[in-house]
Amino acid sequence: MSQIETILEIKDLCVEFKTVEGTVQAVDHLSYTLHKGEKLGIVGESGSGKSVSSLGMMQLIPNPPGKITGGEIFYKGQDLVKASEKEMQKIRGNEISMIFQEPMTSLNPIIKCGKQIAESLRLHRGMDKKSAMTEAVRMMRAVGIANPEVRAHEYPHQMSGGMRQRVMIAMALACRPQILIADEPTTALDVTIQAQILDLIRDLNESMETSVIFITHDLGVVSELCDTVIVMYTGHIVEKAPAQELFAEPKHPYTVGLLNAIPRITKDRPPLETIEGMVPNPTERITGCSFSPRCPHATARCRETEPPMIQLSEQRTVRCWLYADKEKEA
Amino acid sequence: MERLKFIGKRLVYLVIMLIGVATLVFILTKMVPGDPVTANLSQRALGDPEIVAAYKAKYGLDQPIYVQYVKYIQNLLKLDLGTSIRTNKPVLDELSRCYPATIELALFAIVIAAILGILFGIISAIRRNSVIDQIVRAISVTGVSIPSFWFALLVLYFVYYKLHLLPGPGRLSNSFSAPATVTGMYVIDSLIEGNIPKALDAISHLILPGTVLAAFTMGLITRTTRSNLLDVMSTDYIRTARAKGLGRTGLIMRHALGNALIPVLTVIGLGLGNLLGGMVLVETIFNWPGVGQFAYESVLSNDFPAIIGVALLIALNYMIINTVVDILYGVIDPRVRCN
Amino acid sequence: GGSDSGSSTTKETAAAESGDSTNTGSNTVVVAMGAGFSTLDPGYTYEKYPPVIINACYETLFKFYDNEGAAEPCLVDTYEFSGDAMTLTVTLKDGITFASGNPMTSADVLFSINRCKNLQGNPSFICDTIESMEAPDEKTVVFHLTQPDSAVLSKLTYSATAILDSEVVKANGGTDAEDAAATDTAQAYLDTTSAGSGMYVMTSYTPDEEVVLEKNPNYWGEATNVDKYIIKIQPDSNTQMMTLSTGDIDVAMNMTDDTMAELAGAENVEIINGATKTVGFVMMNMNEEYGGPVSDPNVQKAIRKAIDYTGIQTIIGEGTLTPYSIIQSGFMGSKGERDADYTNLEEAKALLAEAGYPDGFDVDLTVCDLDMEGVVLTDLAQKVKDDLSQIGINVNIVSQPWAAGYGDDYRDGKLGFTVMYWGVDYNDPNAQLEFLPGASVGLRAGWTAEMAPELAGLYQEAMKATDNDARIVVLEQIQDMTYEDGPFIMIAQAPAHIGYNTRLEGVAISDPYALDLTLIHIK
Amino acid sequence: MLRSLKKMFKSNYLFTLGVIICLAWIIAAILAPVIAPYDPVVQDLTARLQAPSAQHWFGTDNFGRDIFSRVIYGGRYSLLAGCLTVVIAGAIGTFYGAVAGYVGGQVDNVMMRLSEMILSFPSLILAMIINAVMGSNLFNTMFALVIVAWPTYARLMRSVVLSVKENEYVTASEALGASKIRILMKEVIPNSITSVLIMATTDIGNQILMFSTLSFLGLGSAPPTPEWGMMVSDGVDYFNKFWVAGFPGLAIFTMAVGANFIGDGLRDLLDPKLRKQF
Amino acid sequence: MAANEKDMLMKADHVKVYFKGKNKRSGTVKAVDDISFEIMRGETFGVVGESGCGKSTLGRTLIRLLKPTDGHIYLEGQDIATLKGAELKQMRKKAQIIFQDPSACLNPRRTVKQILMEPFEIHQMGGQMDVDARIMELLQLVGLDSYHLSRYPHELSGGQKQRIGIARALALEPDIIICDEAVSALDVSVQAQVLNLLQELKEKLGLTYFFISHNLNVVYQVSDRVGVMYLGKMVEIAAYDQLYEKRYHPYTEALLSAIPQVGQETGKKRIHLEGEVPSPSNPPSGCRFHTRCPKACDKCREEVPELKEIETGHFVACHLY
């Protein structure tokens, strides 16, 4: 891991939504870098901005009501925030691909699966109908769909959820993108199917060297799949660390709480620890650290000033005043 | 086998519905306080009880109602709709005479309505909340709200009478004689005759009544298209398609439109059904010798067999249209095809 | 023959197409007339418009050659009444042929009139007074009457008694047998073509749409220069006005006063306004059960005095007349119009007080959905309501469709107070005798013969008087007796408004035929 | 809800316009005796068919009656007819559809076939026949309209109920032991009614149109009642005097447009799918 | 832990629930096919299984929201499978249900107070007790305040809504509560709160739970005994500690290994299950799991395995044992 090539760099990304109830700061000064071949996991509670940040990368935030209000996203030296729609169309599906949570609704119900996969090939690779179809069938086989020649001519509703998710993945990977964003691709699936899909993603990542951003609320999945983990809370990154380190030694009180709240299969079944309170209303603005109302370690300082990202080690950062002094040590 | 069963079921359903409709009209017409004798005999002949009695006997009106009903339904099952009291001709003949005119106009209107409606719907969905959107919405609301009789008068007065832009009432200009009846639709029959000017003339006569008829349905279609397109545009699979790198045109034409138009199909079907049922006014004003006029005259003269005939025809139409829409659904929407 | 003539006209008219007004220069005349009929079989026709076509395609024994005056022989050469006025003997003209080329004989006359009688259609009553007929030879027909009928000649002008080509009609299912009502099947044939001796032959009839007439090549008499008539069925007066002004049609038969006004200045359009014999009347039931206060003769007088006849003329429009009494202006023996200053509210109020209603009363006025020559009856009703409100009678208009009950009640004499109209069946003052007490219309107002025996007696007297002068005396007597009394108030004779292209001449209002096509020429 | 309504007024001009139009007509109809300069039924033959002028804003008709006054008064009948029809038809249809959808099975089947029969029937002709049966006056015409209109509501309601009854709160209520009627009245109908309400607003316009169409065909209230449809019908004879048919026609038109704008606006406001796009 | 030691609350005896398809082609869905088991008073009986295996159907049938096609269900000795009318209504007081989706299970048009009033209205208990006080009590029990009473569901967070759902289920003081995915829709941190709350209530009120979840971690966390379902069949039933020690059924084994665990080595040995759950309208012959079972033999394809007691209290339906 000496000469790691950075492929994507996000700096201070801010996304806002204007809603009837008020303005929601969905993503608040988000910064991170993604390396080539890296499997980055993003976890966090519902509404913490995981999906929005990834949609922001693709410039797919529904506008209105959403809007990127600041920040830069560098991909191969190009700032995607400033890129035109035309340029983005070249990047989407070609360089950066995305798969979504709902395999049931994310495929067009009236177009055959094979054709949907072939479409991006024709779009980005300029293939003709026939060779695109052949390639699509090949991709379907690659993602483990049995009998792809037949399946390619079926409609999405004729397939099960797992199959559809595979079609989605085949579609996303058809053009061999540099980055694959997977937004909770397994949440709607059964565990046994989820295991199949996770294996598939891992294999593809290894064989194609695609970088993966894997969004989920299931810490178990992250733990199994990812190299690096970002924990998000109310639009912020609260902690970033290599997966093993994070689970072995969580730093941020939120991460700690989250890990303790997960039921595990152990012999003695200790009662679950909980994080008191709830995720704040997204329209509310919290001064200071946004976790401070729920944090057992919160001090006056936490409630007044927002903590900065603190670099603990080369690969670990945390946003918490508890570690303010440790930074100097490091 | 499955298919046959399906068709069989559908047919049984159709027959039951039609008998139901016939029964309904039968009851209604029997409740009418007047009797067709007064409506169809001359003021003078009414004074003569003999004529009145003979007349009643001729149409079976002197028998008890249940006998009339049973007889009627029996005849109906033999596809005999009886004889019109007003015109003294078999109702079936009368209907087959005026139906083509109505169908021709209705089809023309629905085509205009569908084309304009879908086009407007797309435009206004794409440019949502823009000035164009507001204009298109205003047009569609106008179409839905304008009283058709009033609109017909306006159009006739200005477009035909004042500006001489388009021909007015009737199906053909006087200089043309009606084409030999093949389908009964003048445009098609003229083309069969190979007479292009006549066909063009017939088309130009369709425009004004067609527009008036189309207005309402067009408004509905515009609305449905717009809201469906907006709905579809916010679905997950459109997001997927965007994530694939599709441009706006490809997105709309290849992914959104097909899905958005599925519900529009129902509206078009319903619209066509309504057009056929709502012809009365436009046909009267544009002097269009179709089912609507026939129905109007029949109601005015208590011509029971004719009224029931019209009602059955339109109900049948409605049901056929529904069936066709269902079938088309299957063609367009693979999800339906499989169930 | 319909389809090949169709294609031949296409060629000739394709040339005419280029011009703006299609018909100038051609010998085709396009006439627009109203709807409301569905057959052109003379045996069944009774409505207002079929005579336009029947008169052109068929001929009758007698005919009205102009709008006023008496019936004159047409197919008949000479005629003669017997002394007791119970038989009528006619001899036919020589050399008359039908369009088919068949010569006309007395057998055709017998066939036609017997068929009309036995079909039991709407117009069969016309033959009510004809007991039987015989044909002593090819050219002579003897009519035996049931009673003296001074109107029989007029009746024989009526379309229903048109003389059919019996050979052709029989070949197509026609019969004049007693049971013709059930066995005759010629209507279908006669709805597609004509079988008469008239100036024209009907070549196509599309119900509710158009009728095409072409010149009869075998016409026995002298024809006009119009080769072809296209008769468009266009009930709406606005439509007619517009099509007339654009030159799409040459004659518009159902204009209204107002649509006429629109065309007043147009250079190529001529308009005629004239009274028809269709008459609107107020009926007040003599039977107190139905009529309530309006059955009181004094109330009836008061109402007669209160109605604003000139106002009604204004509303109906130019050409409207107020008849003197039950015999319309224009009929032989008519006393013309009611005095212009007849209306007198003071007298009306006095009469009302005399009847015991010094403060008036409330009454329902039933009105149906029909119109009188384009004037809706509800308009008349509204005017009556307004007029009666002047003398304190509060009228509440109740509208009831003709087909849904009104017609029945009217027939059964159950309407208390109504505004209705009467179109003459056959062009003869005797048609109006039905308004007399005890006669069919009189009874609808609950007016029995016992209520006015003297007046009732005049019915038979009028029927018997075959001599015109004698008829006039009786008719005038009837009119005087109903001028101020009785349950009927004739409030207006409706006008007809015909507009036509100035390239035509001879267009005129015709009571018996609505429009006599055989009189029209192209300049 | 109120807040979003306020927002609607600001952002959706068509909705605002609709509200203004409808309110204007309603107020005019209520205050007719105050606003109308003339008695709507009194005739003045000396002033027949006058063009719009300072004395007669909308001109006069063939009886010399003031059209402006008649239009103002006419609103009373048209609006009343439109609203009442919608309320009654809506109520019947809603209940009918709710029962059919909730009970389901054969009951649903039979009930829906029945309503389909009426739907498949040419509505105008049905209304004409009913009118003929009952005689034509304001209430009978409304009755006819109701007969024709309710199945549409029933169908809409049924389809909504079919999805609403799948909600877990319905099951929860059942689990608590609630009777079917209670579930229907307290859970199902209140949660399904929104779409019916939206449809009803738009439908007021349609019913006014339908009513005036029937009046136009001569089935409606008895003259000289100043009813809009009938006024247009009368005006047809005075074709070149545009104001006779023109103003009542315009009244029908604006009223229907207003109702439609409001309906559209409410749809946007209440339909959660569209709402999120605001 | 012999079954007769404790008081048996509920017993399912060869329960079958079949759904007839709309048309002939879709066939009959055997959502629950011949399941028997017992639930003791005071225990939590957990059920896991993949989507569509019939967990919810079973749960709903147990409290007679669905009528079993065949079989008996005894609640406190009374066969409730065929109850009707007033008796059924009385039975409802004894068994309640908590749903998965907290937003869908509360009527959006009623305030919290109205929602909580409902049980008392339905059973006309207004006269017998101070309903307001009882509602307050319920609220406190689930950790909410009185100011929530006037709120509408959409004004509450997911966790709060779920608490209302729990309070409503508790209102009639039932003996048994079916928790159908009661925490699946909640975020991890809230899920823990609700799980703890359920646990607490159970102890306080002596409740019995029938706890359904597709998440084995969660089921394991709360259950005393666990049943594993596959395609309408119960394939394994055991006490939680037994299950921790030894899983007999290959499906249970595979299910457990498929769950990603925090802190586990990536790429740990995992039992791969190929393919997907077959359709319940057309289940495989013999052992329903044989199409995906790594250890399937011919016998499995032909014979339906019975649920056998392998160890005391540990039941397995597999030909291997």
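Each chain carries a letter (A, B, C, D and E) given by its place in the written order, and its residues are counted from 1.
Heads up, the rule we're going with is that contacts are C-beta pairs under 8 Å (C-beta built on N, C-alpha and C of every residue); 3 or more make two chains touch, one makes a residue touch a chain.
These figures come from a predicted structure and were not determined experimentally.
Identification of common neighbours of chain B and chain C yields D.
The minimal number of chain-to-chain contact steps leading from chain C to chain E is 2. Here D-E and B-D are compared, and the pair linked by more C-beta contacts is B-D.
Per-chain CA centroids place chain B at a distance of 23 Å from chain D. Rounded to a whole number, the gap between the C-alpha centres of chain C and chain D is 44 angstrom. One inter-chain figure worth recording: chain A and chain B are separated by 54 Å, centre to centre, where each centre is the mean of the chain's CA atoms.
Centroid to centroid, with C-alpha atoms defining each point, chain A and chain E lie 32 Å apart. In chain C, the residues that touch at least two other chains are 238, 369, 401, 403-405. Touching of two or more other chains is recorded for residues 32-34, 153, 157, 234, 299, 302 of chain B. The part of chain D that touches chain B in the complex is made up of residues 13-14, 113-114, 116-126, 128-130, 132-133, 135, 205-206, 209, 212-213, 216-217, 229, 232-233, 236, 239, 242, 245, 249, 252-253, 256-257, 259-261, 264, 267, 273-274, 276-277. In the complex of the two chains, the chain E residues touching chain D come out as 60, 63, 65, 88-89, 92-93, 95-97, 99-101, 104-109, 118-119, 122-123, 165, 168, 171-172. The part of chain C that touches chain D in the complex is made up of residues 237-238, 241, 256, 258-259, 261-262, 308, 311, 314-315, 367, 369, 374, 378-379, 381-383, 385-386, 397-401, 403-405. Remark: chain A residues 45-46, 160, 162-163, 190-196, 198-199, 202, 217-221, 223-225, 243, 247-248, 257-267, 269, 271-275, 278-279 touch chain E in the complex. By the touch rule above, chain B contacts chain A in their complex via residues 234-237, 239-247, 250, 254-255, 258-259, 262, 332-335, 338.
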